[in-house]
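Below are two complexes that have chain A in common, paired first with chain B and then with chain C.
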Partner chain A sequence: MRRPSRDRLLSLGLIAPSILAVGVFVYGLIGWTGFVSLTKWNDLRPDYSLAGLANYASDFANSRFQIDLRNTVVFTVFFVVASVVVGLLLASLLDRRIRAEGLFRSIFLFPMAISFIVTGVVWKWLLTPSAGVNTLLGLDPSTNRWFTDPTVLHLDANTGIGKILGDFGLGFLASSEFGVPVAMLSVVVAAVWQMSGFVMALYLAGLRGIPEELREAARVDGAGEWGVFRYVLLPLLTPITLSAVIILGHISLKIYDLTVAMSPNGPAFATDVPANLMWQTAFKDNEFAKAAAIAMVMLVMVAVVIVPYLVWNRRQEASA
Partner chain B sequence: MIAERRATAVPVASVRRSNGLRTFLRIVLYVLLVAAAIYYLIPVYVLLVTSLKSFNEVTLDRMWALPAGLNFGSFSEAWNQLSPNFVNSLSIAVPAAVLSSMVGSINGYILAKWRFRGADLIFTLILFGMFIPYQSVLIPLVQLGSGVNTALRDVLPGISLGYGSIPWLVLCHIVYGIPITTLIFRNYYVGIPGELIEAARIDGAGFGAIYRRVLLPLSIPGFVVVLIWQFTSAWNDFLFAVTLTSQPNWPVTVALNNLAGSFSVSWNIQMAGALIAAMPTLLIYIVLGRYFVRGLLAGSLKG
Partner chain C sequence: MIDPSSVRSRLALLGALAIALSACSSAASPAASGGGGSGATKVEVFSWWTTGGEAAGLKLLIDQFNKENPQWLVVNQAVAGGAGTNAKAVLKTRMLGGDPPDSFQVHMGHELIDTWVTTDYMVNLDDLYAANGWKDKFPQGVLDIVSSGGHFWSVPVNIHRANVLWYNKKLFTDNSLTPPETWDQFKTVADKLKAKGVIPLALGDKEPFASGQLFETILIGTLGADKYKGLWTGTTDWKGADVTQALNTFKTALSYVNPDHGSLTWDQANDLIISGKAAMTVMGDWIDGDYTAKKFAGYGWAPVPGNKGIYDALSDSFGLPKNAKHADAVKKFLTLLGSSEGQDVFNPLKGSIPARTDAGKPPAGAKQYDDYLKSAMAEWKTDTIVPSLEHGAAAKESWSSAFTQAIVTFVTNQDVATAQAALAKACVDATVCK
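And then the complex of A and B:
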């Protein structure tokens, strides 16, 4: 009778350090960052007198932070959609009894093994206007400026759609604040290169888990290949799509290494992201409270995506 | 399986009609796959040809051309600049991977086989740690690390364990690696039948003996997955390293970014440096790709 209880204590004692470490280093330090974001510590020397929400107010009033938030949204949308589409396409192609399937799979997936820094350095060289892809395809460097392009595509307030939006009181949407910075799309190309193989692997695992009988049954019912894909496979892959969107989405919300290596700030902050601003604010400008506030905003953005996912995942597991 | 498919009754006429179309679609399929493969391999091609060129061959109009001959001058120059950082990366990633996998294995064992009240909640709370933007802990990590330096200054003069040092970075990799390593091992151990544990217990084995005699021998693949995963993450890390280490302790990612950011360094050296920085994890991927993919899929929870 004594033995189980001693083992029980031993097991609790051995997992306690990890729980404590996560408690301190994740939750404790987040709490501390949250506290710092409410102080006046915007100089080298810590000043913990409270400033209320002043740092948040000054961050959100900072036009660079506004640009960064726009960039994050643009990057996230393009990166997630492109990666999911490319990943699903590649997985569907590979799921058709392909010769050398293993070789193709390895080629599509190897970028996942290397760091965003290497990816950024290589793609910077590939997309430098005076070199790279432009010289390969004979494109004019002055019009194909890739990540050095300061253009922000947006609706024009004085043309059709812009006027209609204005009539509905949505005229503000027809401005560069809600536009698409062209330079960011170059970063998307590099990011998709790195991450789409991961999505392919997720989908391929999912497709392999769908019994052949289901496809066969649909074919017997007269469905063509597209019909099988659209009405049998795609609905069954929904949980995987959800996982992929959430994993990619939370990566893109905190993207840092790739933009730093490829194009740290970009022309008129066209490739700047909150993570970059946070780092420079804290460790270059020594405005720690303002940087902490940016970090907390990033945390909230990620938590909005991740917390429901964790809860959903736990429920799924509980019911399994 | 294939025989079964053939056996399904399909009108002969429709098979004949679709035969030509079928071949055509197969060709389209392979064309698409090869096109995609080119997109993934172009950076590798440029990386290789640029880094193998001699200095006077690195001109814009010859950027895509094969090098006239194999020239390893760029590599030796890049290696001269990056080798201390390469060694730093090894002394960060190897201990981080080894210690992480040990911690993860114990945690996974307990969460899978010694479940306690509230274990599920605690596990979910731990998992959250692998998704957070690390920006939200960077400032306190610097403060805490400086505190460690101050506290140890008199106790261990001349030895730095805190901010700026490699041990502090390793500690961060281990602590923030707890969620993923625990997750992988827990899911791995859940699959080990309870009967094996029960049998060992009847033989008188306790907590430690069950782990050593039953789980550990079955854990090799789990350890390979976690070792690879943690080594790759630590090797490829930039954010923690650039924030928490001082220049002599920079790993290769930080040094490479510095090298590539300076305008005085020519492209062939940058590309050779990138290849050097990518080589270890790339080799692991080529040799142990299967295990790498397993870690990758585990990172998306159970989905």
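And then the complex of A and C:
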């Protein structure tokens, strides 16, 4: 009777430091940040009198924060979709039992071993209009402006879909506030270069886990290669896709190092992200409560992605 | 019965705890100990000067001080990177955490006043100013900037000028041009250069301060010294017609810049001047050091159009925080920084001019001022001094950020009305305008 309880005490003792550390440094500080975001601490000296949601109101009214939120959404959508598509493509190709598969696997996976800072610096050099890719391919720097391109693509409010949206009272969707900043797409390229190999590795593991019998059975039933992929492999890879989307999504919603190394602001903040604004608001402008509010908004964005996944994961484990 | 394996794991746990505890205590100790083996007491001077002439200049001053005062050991506790933003972040955590350095580098003016003085973290230096007679040595414009509430708060070591137009001499003589003195002349000159296939104005605003600073000098050129100063005290209306005019001039100037300005830093833009691809650039006089480092002598300088007789100044200064552990040593060190000798040791290396009007003659054998600095010193004595916004002298940091944000947006969309509204709102948010 005593032995299990001693084991239990020991294991509790062993995890206690990390529980304590996580409790204080993660959850404790999240709570503290949440509290600070509701105070009037917008000067250097702490002022903990409550200000309600004034800091959130002021942040959301800031045109730069609005641009940053748009940028984050654009970056996340393009980055996640492109990484998953490229990763799946690479994995499917490698799964054809090609020669030197291990070599290619390493080549595609290797960018992941590099930090985002290095990736950002290298791609900055590659995509600087007056050098890099433009010089290499003989492109005109004044039209191929990459991350210095100020264009924001958006629907035209007077024609096509934009007009239809306008008729339904959704005309605001056809404005640059809901457009796609072209400069951000250069950053997406760098991020996809880095992370698609990782997605490939996930899918490759998934593909290897699918028994050969299933493919054989489908082929016997008359399915072509595309049919096998579309109706057998892809459905079985759903959990992998979900994991990949969650992992990439939480990276992209918090992205800071890549953009700061490659293009911290961009033309009219076209490559600015909330984390960059948060840092500046806190440590340059001394507006700690406003910065804490930005932090909480970022936390909510990530939580919207992560929490349903954790719940789903628990259900899966419970039923398994 | 005692299970030996559980004893071992308990020992391991204890060991891990011991390591964790010792890691905590060793992290806390460097601030408390120090002094080294010499028996001298360590005095921490906090700066972001880690490389180049500024670090070398500060080191000379520190060495001189340590030699004359063997009981103290002044150390340059530098945090590199980010034009001081990293250092400022570390400084803030230390100050708020109740562990201030003995002295720290800070831009004179509102960056110091609104961050540290109004929040009551600093000790005023009135006695130092009185004892050294600095009220007669620094020009009134500087005394106005370093003081607040009738007290002096920091000692300016150097002066940089932000409103200088730099140009490639060969391009100007080849095309028989003279540096423009008004923005109308600028347009004529720029059109001629453009026709020759030369970029008239080089700009590198990857770091947004560069475009903010260009607009700052246009504001000075359009409004004049007094009305420009009034922008920061609430006496000049941000919605006025002259600010509109300045924005329109800025728009004109932007039509003459290199198309890749957003991907270049100011020194990369300066390479365009050196290679002769561009003719002019507006930048602070730290660019003088960039020319020297790149061994380029074919450059000339003039005030930015409309800025003649006005000195848009910024300065690195040092102050004394409350609860500094060695206030006596700091006051002695600040005395050296504010002295003629100290300023003449430091500034030729840093590539700036002394804040004192009576300095300017470094001892023989020491590094001397170059031609640009000599001309700047002459103008420093006669020009009207105004505070630079982008470099912390004119307004507090959050206002400066909001101003820069409006200008960065303007550079892309060139919408005068929106920019002016944003500039006016920034003044209201800073609680200076109503």
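To be clear about the criterion, the second predicted complex is superposed on the first by the 314 of 320 C-alpha atoms of A that agree within 3 Å, B and C clash if a C-alpha of one lies under 4 Å from a C-alpha of the other, contacts with A are read in each partner's own complex, and residues count from 1 in each chain.
By definition in this document, contacts are C-beta pairs under 8 Å (C-beta built on N, C-alpha and C of every residue); 3 or more make two chains touch, one makes a residue touch a chain.
Worth saying up front: this structure is predicted, and the values here are computed from it rather than measured.
Visitor: Contact-wise, after the overlay, does A:F269 reach chain B, chain C, both or neither (first, second, both, neither)?
Guide: second
Visitor: Name the chain, either chain B or chain C, that contacts more residues of chain A.
Guide: B
Visitor: Applying the touch criterion given at the start, work out whether A:L14 contacts chain B, chain C, both or neither, answering first, second, both or neither.
Guide: It touches chain B and chain C both.
Visitor: Contacts for A:V121 in the overlay, against chain B (first) and chain C (second): which applies, first, second, both or neither?
Guide: A:V121: touches chain B, not chain C.
Visitor: Using the superposition on chain A described above, determine whether A:F283 touches chain B (first), chain C (second), both, or neither.
Guide: Touch status of A:F283: both partners.
Visitor: Of the two partner chains, chain B (first) and chain C (second), which one does A:N313 touch, if any: first, second, both, or neither?
Guide: First partner only.
Visitor: For A:T159, is the partner it touches chain B (first), chain C (second), both, or none of the two (neither)?
Guide: neither
Visitor: Just checking: does A:F104 make contact with chain B only, chain C only, both, or neither of them? Give me first, second, both or neither.
Guide: first
Visitor: Check the residue A:S130 against both partner chains and state whether it touches chain B (first), chain C (second), both, or neither.
Guide: Once the two structures are laid over each other on A, A:S130 reaches both partners.
Visitor: Shared contact residues on chain A, chain B side and chain C side combined as an intersection?
Guide: 6, 10, 14, 124, 130, 264, 283.
Visitor: Using the touch definition up top, name the residues of chain A that touch chain B in the complex.
Guide: 3, 6-8, 10-12, 14-15, 18-19, 21-22, 25-30, 32-33, 36, 86, 89-90, 93-94, 96, 98, 104, 106-126, 130-132, 135-136, 193, 197-198, 201-202, 205, 212, 216, 219-220, 239-240, 242-244, 247, 250, 253-254, 256-257, 260-261, 264, 274-275, 278-279, 282-283, 288, 291-292, 294-296, 298-299, 302, 306-307, 309-311, 313-314, 316-318
Visitor: Contact residues on chain C for chain A in the complex?
Guide: Against chain A, chain C makes touches at 6, 9-10, 13, 16-17, 20, 85, 88-89, 92, 95-96, 115-116, 118-121, 206, 208, 259-264, 397-398, 401, 405, 408-409, 411-413, 422.
Visitor: Provide the residue numbers of chain A that touch chain C in the complex, in ascending order.
Guide: My answer: residues 6, 10, 13-14, 17, 42-46, 63-64, 124, 128-130, 141-142, 145-148, 150, 263-270, 280-281, 283-287.
Visitor: Show which residues of chain B lie in contact with chain A when the two form their complex.
Guide: Chain B reaches chain A through residues 1, 5, 8, 29-30, 32-33, 36-37, 39-43, 46-47, 50, 60-61, 63-64, 103, 106-107, 110-111, 114, 116, 120, 122, 124-129, 131-141, 143-144, 172, 175-176, 178-179, 182, 206-208, 232, 235-239, 243, 253, 256-257, 260-261, 267, 270-271, 273-274, 277-278, 281-282, 284-286, 289, 292-293, 296-297, 299-303.
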